[in-house]
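Take a look at the structures below.
Paired with chain B in one complex and with chain C in the other, chain A is shared by the two complexes that follow.
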Partner chain A sequence: MSNNTKKWFSLNLNRTKKSEACGCGNNASSCEEKTPKDGYNQVMDVSMSRRSAFKKLTAGLLIGAGAVSTSCSVISGDESKEKSAIEWDEYFKGNYKLMTDKEKNETVNRLVRSYELRTGKKINLSSKDAEEDVLFGYAFNISKCQGYMDCVNACIEENNQDRASQMQYIRIHEMEDGKGFNFEESDDNYYHEVPAEGHFYMGTQCFHCDNPPCVEVCPVQATWKEKDGIVVIDYDWCVGCRYCMAACPYDGRRFNWKTPEVPEEEVNKNQHYLGNRLRKKGVMEKCTFCIQRSRKGQNPACVEACPTGARTFGNLLDPDSTIRWVLENKKVFRLKEDLGTEPKFWYYMD
Partner chain B sequence: MKYLKIAIIKKVMLGTLICLFVISCKHTEEKYHNVMEKIEGESVKYKAPSVSSPMINAEIKTVLVEEGETAFLIPERKSQISSYNCVECHTEPLSVLMQKQVDKKAAHWDIKLNHANSEIMNCATCHTSNDMGNLHSLTSTTIDFNYSHKLCSQCHQKEFKDWKGGAHGKQLGGWSPPRLSNTCVNCHNPHAPQFEKRWPVRFNTEKVKERQ
Partner chain C sequence: MKSLKVVGSLIKDSLAEITHGSRAYHIWMAILTFVMLFGMYNYGIQLEQGLSATGMTDRVSWGLYISNFTFLVGVAAAAVMLVLPAYVLKNIDFKQAVLIGEGLAVAALLMCLAFVVADMGGPARLWHMIPVIGVFNFPNSMLTWDVLVLNGYLFINITVPLYILIMRYQGKTPNPKIYIPGVFISVFWAVAIHMITAFLYQGLQARPFWNNALLGPRFLASAFAAGPALIILVLAVIRKFTEFKVPDNTIKKISLIVTVAAQINLIMLISELFKEFYAPTHHSISAVYLFFGIEGKVALLPWIWTSITMNVIATTVLTFHKLRSNFKILYVACGMLFVAIWIEKGFGLIVPGFIPGPWGKIAEYTPTFVEISVTIGIWAMGAFIFTILAKTGIAIELGKIVYKKK
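== the complex of A and B ==
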């Protein structure tokens, strides 16, 4: 992520641009690197005194409000103070992709603590970066898929998707034989014994395009492609404008119209900052190739749940991986290839 | 004169083409034109990453399959077969055992062979009463239960090839090396290998409402 500073600093939220030789007059190696500004500092371009004055003022207001609200509640004062401190820091933190490792750790710790304060339960939140020499890819065997939708359920459970609105990243389209890939006429919400006579099944989700149009349109750079090819969203930076949803030619993105709810006992506590951590109202989300699993070497939940082996996942850069064998030995194709979006999700048939 | 004209037209066309090429070529930040080029280019200097398959632990016993250039792990089978070792019961010839079981619920009562048809297959295609603890091939070569894929591959060559490569079947645990894949009988019941029809596990009622 380091060599791409120009692109990401283009918004210039008062972040000092790192230049080759720094402005202190000495040569680059001898001058100390300034600590990058985070959160509040990153947002507010004001002089130190004004900034701290503002900070104190608002903090005072916040604590005041907290005090009012806790005066008749059972939460101890310390906890509510801690809560508002966390909220404060969270509110003014920076974009995840601009964060240093330390800042990443800090926000992760805050989020874990805040969940603990709210529910009394611990979550395991990771901020693991992309591994070198890994580029994730996916292959889907159309002739093997039987339309059972086991993948859909596994995905919902793994990724803490909103139960009330029945959000699902994966869609399985039931298509009639002999009509080609006709998404207009296909049914993605069938309910009868499967596989149905004369039909075949085709799954879609975010394809993690290598040239993702959704990333290009985001006005605040809240969504981007990681080094291992996973297209992610910083849920805390997303402003919910839904430009990306409109730009995606594959219907890969889902929007939270209301606060997503997952029953406490069903929450998957193995989380990643860019993956299945609990979202909030008004932000975008989508498939992340189960980043919380795949970065640990596991397969995404859909791959693991599929009883037919229609789903293959792996490292495109590993010449011995099964995904590479599929690409090299099967007649693979992608959807809307002519758009140049370069999805890393291939279909094939036996 | 005519040639000159043609030459000029040719040059102009070539120029436009080059222009178009340069314009259409999106060399903004990536070095590659498409993901295939990227895969090819980036895997030249490929070094295996440090993550390794979380499945490779003591919980799953495995055996190694080596077929030509590919080598990978599959789950060990014999310890998973509940009534193994077969010779514990099969101490007498089959006819004697069957005699003893008349009017009783016979052993293996739940096995119904639904694999090809009786002209092509019966129990003796894979099992032999001379050696109950092992399988045997069409030419009566002994095949260990742990390597039953050898038996399947006698007929299902295409599936076998795809399985070795990774286009058929399922990798267990993770994408990262070492590879551990299900073997044929982990997904297919050898006595009735077809996948069964069933109902999908999900029906989205919100989607129905949305689309009304």
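== the complex of A and C ==
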């Protein structure tokens, strides 16, 4: 976003490559922080080596205490040795946002191998970066949605969400005709035949705000906005403080209160590091616009699954995209605009 | 070399001091130890099962732990802020207030840190937050500010009393030129830990119940009431069970502080209530839920009304000089005030922030047994730490343990 013309409340869709090409995967204001090397950046540049020192120190302490019996013992087989070596390296790896390409590859390989050791199956784990000149956005046609919740189910399957707690990123709110957008009285947990007489439906999920409050508050930068506008979480870096959840005005985030359960045969094996790879307990997750699909040029699972065509997804920077057509030709609006969060998720009616 | 020897012998002597005491003392410590162990056992369950062992959910994602954390930051801050007026009023024994106040601050801070760790989904990954080896999102995240100020405050509050005690231990008089600046820094620092903890909530535009400019000042006022109220109670116990002389005047002066703070707190409460209920908006739903309940969801009602009743009674009692000067009444009033503010600044503040949820959902929160046990365990830990600190401190002050030059 060209910083000089951008008002804080207006999302500038005409951003160009040049003003933006810093590749830090951050928004403009925090990019600026990055150019001069001071404070935090200086620290970050050496953090990898500091951390490896920390790792060695911890290793030393543990060996001293005789606590690494599994990884050192002669009896345990090669596989379990490899497993604990992987766990060890995984525990000490850095924040994905700050990893070099080499480090990204290493951790991806470790995660693939670790899944193979556990289940004997291979997964396809991508670490594909954002494309140039892409800014994803989403539009939702309230007139079309009938509340079938096919999007919800597709999302759960695509994104390997915990089946036990029935976690769902998308909530469909059933609203009564004649009351307007009355979220308080709407029902986001209905179990009856749809469309129900005298009701209309509206879906919410993470809106991938352009000015996301959830990102600001995270104490460890485990969540951030990628260059293509997708707000992501590094599940291995999140410490589970849930501050971001309190900061999100849209109920966009979900927490793993216990170890998520996905039956092995249902695991979607096409994964992305920042997307639908398997999570652990005590970390945050949320909609990623199906980053594993959208970065390959596909639509998110919800868009694909919707039988009514209420959902539109695309590149906001491409003047010929459907999403741009919707924004330019429909009377679109966003929710809670007064908060200044700049959601990249618009609603409209026919 | 010499100072090392002094510290070494101080540690030896204090160990001897804390392992010896009256029967009541031993029973007290045994109970605390048992409660702590029970809390740890329950924390083990929580580690095993994840935070699903608590009553928190996606709808109400902070609960008892964060509530207690918030309240205790107040106690930690107020215990030391007490020192400033005490110093200005001059005619009471300054060092005493410093020692007890800072001991209380240390115990409260350690409890704060324990509550934060207990609340984490991934405590093993907490090293991610250590500056330099992890990533510290400073200055964007208020939580990183809070980590900084809390640890800085802990550091100050350990060094100042340690200096005084080490000097006393060697039979020397502590040099006010050295410790007074420390005390003053810690007083201003106390305001900082308070405001920043308030900013943690105040800065969230997503939660109208917290996003309110009065939150910080109200934190200060209520802490100024609750912290010194606790100190009065602690001093009362110390007077009863040790030979440590606490003059009546000290307690009277502190009770004056409690009174003024409680009055200001009440005025701010009225101002908040007026705003929420005179011209209610969409954003007043949290307050409606807290004070009256919504659609039969009334979990917080008994708590908040107990709190308000106790608060009003205690403040009224304290306001009358006659009543306040009667120590029995004063202790009861202080106890009531402390509990009232614990409810109000604890889950009376945190839980309604999440109710209604961003889309108006009213989902209630009830802490589980595990959660409550861990909470009580952490409180026992605080009491344990404070008892040790106070016992050693008092013994040194009384000259019961002194450094023997060999």
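The working rule: the second predicted complex is superposed on the first by the 274 of 350 C-alpha atoms of A that agree within 3 Å, B and C clash if a C-alpha of one lies under 4 Å from a C-alpha of the other, contacts with A are read in each partner's own complex, and residues count from 1 in each chain.
FYI, contacts are C-beta pairs under 8 Å (C-beta built on N, C-alpha and C of every residue); 3 or more make two chains touch, one makes a residue touch a chain.
The shown structure was predicted, so the numbers you read here are calculated from the model rather than taken from an experiment.
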What is the contact status of A:Glu132 with respect to chain B (first) and chain C (second): first, second, both, or neither? first
Where does A:Pro249 make contact in the superposed view: on chain B (first), on chain C (second), on both, or on neither? second
Quick one: is A:Gly198 in contact with chain B, with chain C, with both, or with neither? Answer first, second, both or neither. neither
Which holds for A:Pro263: it touches chain B only (first), chain C only (second), both, or neither? neither
Mind working out whether A:Pro319 is in touch with chain B, chain C, both or neither, as first, second, both or neither? first
Contacts for A:Gly309 in the overlay, against chain B (first) and chain C (second): which applies, first, second, both or neither? first
Once the shared chain is lined up, is A:Asn329 touching chain B (first), chain C (second), both, or neither of them? first
Thinking of the overlay built on chain A, is A:Gly180 touched by chain B (first), by chain C (second), by both, or by neither? neither
Hey, what residues of chain A end up touching chain B and chain C alike? 165, 188, 340
How about chain A: which of its residues touch chain B in the complex? 4, 7, 131-137, 139, 141, 144, 146-150, 152-153, 165-166, 168, 172, 188-195, 210-211, 294-299, 303, 306-309, 312-327, 329-330, 340, 342, 344, 348, 350
Touching residues (chain side chain B, partner chain A) in the complex: 26, 29-30, 34-35, 38-39, 42-43, 45-54, 158, 162, 165-171, 173-177, 179, 181-182, 187, 195, 197-208
Can you name the residues of chain C that touch chain A in the complex? 49-52, 56-58, 61-62, 119-129, 131-138, 140-144, 147, 200, 203-207, 285, 353-354, 356-361
Complex contacts: residues of chain A adjacent to chain C: 40, 43-44, 47, 50-51, 54, 91, 94-95, 98, 165, 171, 173, 183-186, 188, 204, 213, 216-222, 236-243, 245-251, 253-259, 281-284, 339-341
